[in-house]
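Listed below are the structures to be examined.
Same chain, two partners: subunit A is paired with subunit B first, then with subunit C.
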Partner chain A sequence: MASAAPSVPPSLTLPPSQFARLQPHAYLLAHLSPPASSNQPSIRANGRATSQFRVTSANTGSLTHTNGSAVVRVGDTTAVCGVRAEILPTDDIASWSVSHSSSSMNKRRKLTNPAQKPTQEEEDPEDETHIQQLNLLVPNLSLSTGCAPGFIPGAPPSALAQSLSHQILNLLHSTRLVRAEDLRIWYQPPSLGQEDLERHNESEQMDVDAERGEEVGKDKEIKAFWVLYIDIMIISLAGNPFDAAWAAVLAALRDTKLPRAWWDVDNEMVVCSDAVSESRKLSLRGLPVASSFCVFEADAAAGWRAVIIPDAEEEREIEESARKGIQRRWILADPDGYEEGLTQERVCIVVDKEEGTGKTVIVKMEKNGGWAVDGKELKALVDISAQRWGEVKHILEQC
Partner chain B sequence: MVGPAATLTPLARADGSASYQCPSTGSNILGSVNAPVELPGRRDALKPEEATVEVFVKPGTAPAGVGERYVEGIIKGVLGRLILGRERGYPRRGVVVTLATVGGDSVGRGDSYLTLLPALLHTALLALLSASVPLSMTFSATVLAVSDSGEIIREPSTEQAAAAKSLHVLAFSSKGHLLLNESQGAFDFETWEKVHQRALAICHGTSAIGSDGDVAMVEDVDGQPLEGTIRETIEDQVHRDYAWKIDAV
Partner chain C sequence: MTDRRRINGPPSGTRPAVFASSLKSASSISTARPRRQRQPDELRKIFLKTGLIPSASGSAYLEFEPSASLAAARSSPQSLIPPSSALKLACTVHGPKPLPRSASFSPNIVLTTHVKYAPFAARQRKGHIRDASERDLGVHLETALRGVIVAERWPKSGLDITITILEAEDDRWWGDAPDSHDAPWGMMNVLAGCITAASAAIADARIDCLDLVAGGVAAIVSDETPDGEPSTPKLMLDTDPAEHKSILSACVVAYMPSRDEITELWLKGDHSKSSLGTTDQNLSHESLIDGAVNAARGAHTVLAEAVKESAERFAGLPTGGSTV
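Right after this comes the complex of A and B.
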């Protein structure tokens, strides 16, 4: 101790990294609104512009034991997604015989109706409810991987992990991304010739023959379903887990191949083909892309001082007057962990574009935790999300 | 349209409570608030200078699952910005909100919670007011469904919600800010703007959006704005609570 005292006195200036830890709010604010004299542009502490997303990369098919897999990296947030397909025989569904007999009768009635086109039949909402009713999609997101200091590895799923799992499942259902038809395993009874049958079992199976003769060709039967277990591991979390997780799910589903499966009458079970050439990919509906934003407030206390909250009308006027002067809040795209810790208001927009027209369709729009974002801001954010859609599409198509 | 019915302080032991029935969605929610309470085992991750808001949602028939975690997060986000967690007595303590579905349809796995969300939010708000938790503003929320034909249905039933093209939950503060927006299903921005306008009329009446000839018609359809309903519920309760004092005068 005594020998250390006469050495160099401690420096009174702080390196930027120390300042960022001690005064995180002031640090980010100083970056976003630099003093006019410094002639520096307004930029986020991580060097991005306010509406700039992090560098995104995707890689598919990395896991060989899954039906489809993807690794998506958005900056330092990395999500690994594996899709595993398992067979669910209809015999194992308790309510199947009841629910199916009624639905198949409906279908038969529809088929006899000449106005019904096969394409319409495919889009039949009744058919699509199978995915939701029978839980054919089972996403699960895990954060207990040591991905960030706040999450203890091996711990039970945190509230964040659970709500992300729910969001992904809900989005899979509401976008109807996976077609129910892709998950069905059909059985087509062989259409034996009428006279053939008659010759072989003339006396005993008269009734059966009569029944078959009526329904030959029509009586396709669902024997099993594919259930897709979609497991997402966030192996590194630096903010914005939803965008990365959803992109990983999307990439993995695009990569998913299901083997050709058929009903083996002799063994009374579903058999799969080994040949890769016979497997088929899922045909997904559209390509919904998620973009998240957060709102950084210049005044850290704006949330709790009751007296200063202006009316929505006043707010607009202040906004107008502040246009030239000092900005009060910034909407930051794709926030990293540091920015997420400093902000409360979140916006998440999922958009898709129609195939032919290129028209932007919003699939999900969430805004919570504050009052800075109103209609006007949301409109601007939808445009940014539509731009982001193009980028992500390009990335996913390349991998 | 029959407005919602609410009772304040039905529970004697909780610091504040409210029960809320929405006739059109058929939901019946009982909420309780305890605040401020000492929280056991505070972690460093939580902010020491503010109160911690904890929300628990209990579905009617099943144990709580991932869907409840998600809706708890939404409610926490809304309430977290409204509760003045730095007032005297609140920092480093907790505000615990428990919301139980007493009647109405329960939500299955992976189903959207949006039809129940306004009822849950209103119950939480009334329970907080009943517990006299300091708030910066109040709010009102509504759920709207857009059908295939583009018609906007206010507070849809479960069947209507399932058949709808998109579902929207919007919450407006008492000062007219958009506090919460949860939209799902395919829609474009013009549709959302219409939904936003309609929701604002439902929550705040038409005076908030100006005296337009077309909009005035909407007021008749929607009846009393929700903001007023909530305010009246509180006023009635205060009137009853202070009846001894008012009668004495």
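Right after this comes the complex of A and C.
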């Protein structure tokens, strides 16, 4: 296979762009392993070094009808994300009264230590349960925008769109990016006798234990939740949609402003204030940044053969060739559409850095489609991702 | 019915936020209605750029200039309720490409148009599945474009035109009661934008056309005088529905200037003499259509510039685009 590269120049009578279409694998291979005589550096067909990401830009807050919005361009891949907040009254949640009374234990414990309460820095055990159980974050990614020829507009979401939506949802849940406290709309009942009476009746109906009634007067209650509809439109797709989509989600959530909302007793509904000065931004936990990689193998057959773990002999062979300085596989950062079509193995690493110490934290690591990347290489990829984290942070802070 | 291929929100559904200011009496907010700062025949500026989506054979992005009230609200935000909105849409063209094997023979190019609002495009959240108004827009767009493309040059081929609306025009001012304007007037502006953007994208895809078709909107509106009395109806070009108390009728055309031909005409509303209360010749059917044509002429100048830019980029490719 390595002989494919030197044989290229004499036979090349086509312009490079056509050769790239006819023989994509050989074309990329020839770029990555140029003949030693040509003295050219190993470089990808798109002119990037193997660990180089595409130029990224971001812009936030340009869409009028959203609470927060962002446009992120990673090379030619463009993702537009809009966050819309809507209200979910607790009266509408079928299981609310049950789950609420069971979680009142936690709340009571918190109330016993009032000094801790205003800081909200403590780990709230209810956080994920509320966001996850009540589906307060609703990300949906759409590829049927004409972003690439393969996706038919109007058809139900493709497998790729579905898996990307779920990846984003899982990442939102596992990073606990959005605080549940930001999404709660509280109501502090005034301590009136009448109110107490009403509440007492309510607790009787629900058959809750008697001790709950004692504290009821000073207990704040959740009247509604904000539900964040996070819609991502991939306007242009040229490889690596996940990084762009996640960056857009992150930028849009950073931009999101929720109006001040309160329970209006007279109207029995949640009412918001439209004053910008009273609205507040979401306080996100950290800044997880996704970096994707793919592995390009010199063996053209690697694309379609079943993934087989190499036996000892093959392993030795690979090691030997590596000693001789013949590189058989390349890990390409931020693959474009052309490279994605030629590779099987994918790695996606989401990292964050702790605020005080600057230590890199791996939030998510996903690898599939092959066996080329091992522990040593993953470690190097985490370092690259950490570097990328700095770049993305800089871009997001500027917009 | 839940959609199992998408992530659904809470099963009980959610409610859009209700702002306290909109609950107050109507008199206190009517002062806040955005006012048209432009002359009756002055159009909004249009931003139109081609070739933003490299994987498509042709693409265009169109944006209307925000109205004065929206621009003011953006620069110094006071209220979370936007006074009006400005159209933003992206259009892609895929093709000409072979029809699927199962399709029957067609001597002409088969045009498919698809218009979809993003869920966050309008004041009310839109669903993921196309609704009637979106399908309607798609049909209108198809008629507008079918008269322009030289269809017999590509037998047995298909052409897909997809438009994603990132931000739509308002149908009425948010402070008005939902039924005070009967028709979705914003749709007409959206259609005019779709026609202009699709025309640019088709030219960007190097598909032979008779001419560049441009969309334009004109409307007969009756505004409120400062005393709250309805004023005499007036003809205005490129109306922003949020800026007017009531739109009596509106017209959108797809117009080819060099052939002086209209490929699509959509007229809506009632402007009979009895409803206008005047026999002014300037408010007739013809003048309304002429107004829309004039608006289209204005859009055509922008369109021609954008297509020229696209052609220059295309011509520049062989010399400057060598990547190896």
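Couple of notes before you dig in:
One rule holds in what follows: the second predicted complex is superposed on the first by the 324 of 399 C-alpha atoms of A that agree within 3 Å, B and C clash if a C-alpha of one lies under 4 Å from a C-alpha of the other, contacts with A are read in each partner's own complex, and residues count from 1 in each chain.
Going forward, a contact is a pair of C-beta atoms (placed from the backbone, for glycine too) under 8 Å apart; a residue touches a chain by one contact, two chains touch by 3 or more.
What you see is a predicted model, and the numbers here were worked out from it, not measured in a lab.
With subunit A as the common reference, subunit B sits beside subunit C without any clash. Once the two complexes are overlaid on the shared chain, A:Gln132 sits against subunit B while remaining clear of subunit C. Judged by the touch definition given at the top, the superposed model places A:Asn267 against subunit C, while subunit B stays out of reach. In the superposition on chain A, contact is made by A:Lys364 with subunit B only, not with subunit C. Contacts of A:Pro189 after superposition on the shared chain: neither subunit B nor subunit C is touched.
Contact with neither subunit B nor subunit C is seen for A:Pro24 once the two complexes are overlaid on the shared chain.
One of subunit B and subunit C touches more residues of subunit A, and that partner is C.
When both complexes are overlaid on chain A, the residue A:Val373 reaches subunit B alone and has no touch with subunit C. Touch criterion met: A:His166 reaches subunit B and subunit C at once.
By the touch criterion defined above, A:Arg346 lies against subunit B but remains apart from subunit C after alignment on the C-alpha atoms of chain A.
In the superposition on chain A, A:Val382 makes contact with subunit B only, not with subunit C. Figure legend note: subunit B and subunit C, brought together by superposition on chain A, show a least Cα distance of 5 Å. Overlaid on A, the two complexes show subunit B and subunit C touching the same residues of subunit A, namely 135, 162, 165-166, 169. Looking at the complex, you find that subunit C touches subunit A at residues 5-23, 52-56, 59, 70, 77-82, 85-86, 88, 90-94, 97, 114, 116, 118-123, 125, 128, 130, 160-164, 166-167, 322-324.
If you check the complex, the residues on subunit A that touch subunit B are 132, 135, 150, 159-160, 162-163, 165-167, 169-171, 173-175, 303-306, 309-313, 315, 344-346, 352, 359-371, 373-375, 378-379, 382. Chain contact summary for the complex, subunit B toward subunit A: residues 45, 50, 65-67, 69-70, 72-74, 77-78, 80-81, 84-86, 109-112, 134, 136-137, 173, 175-189, 192-193, 196.
Within the complex formed with subunit C, the residues of subunit A that make contact are 16-17, 45-47, 62-66, 69, 76, 78, 80, 82-89, 92-94, 134-136, 138-140, 142, 144-149, 153-154, 156-157, 162, 165-166, 169, 227, 229, 231, 233, 235-238, 257, 259, 261, 264, 267, 269-276, 279, 337.
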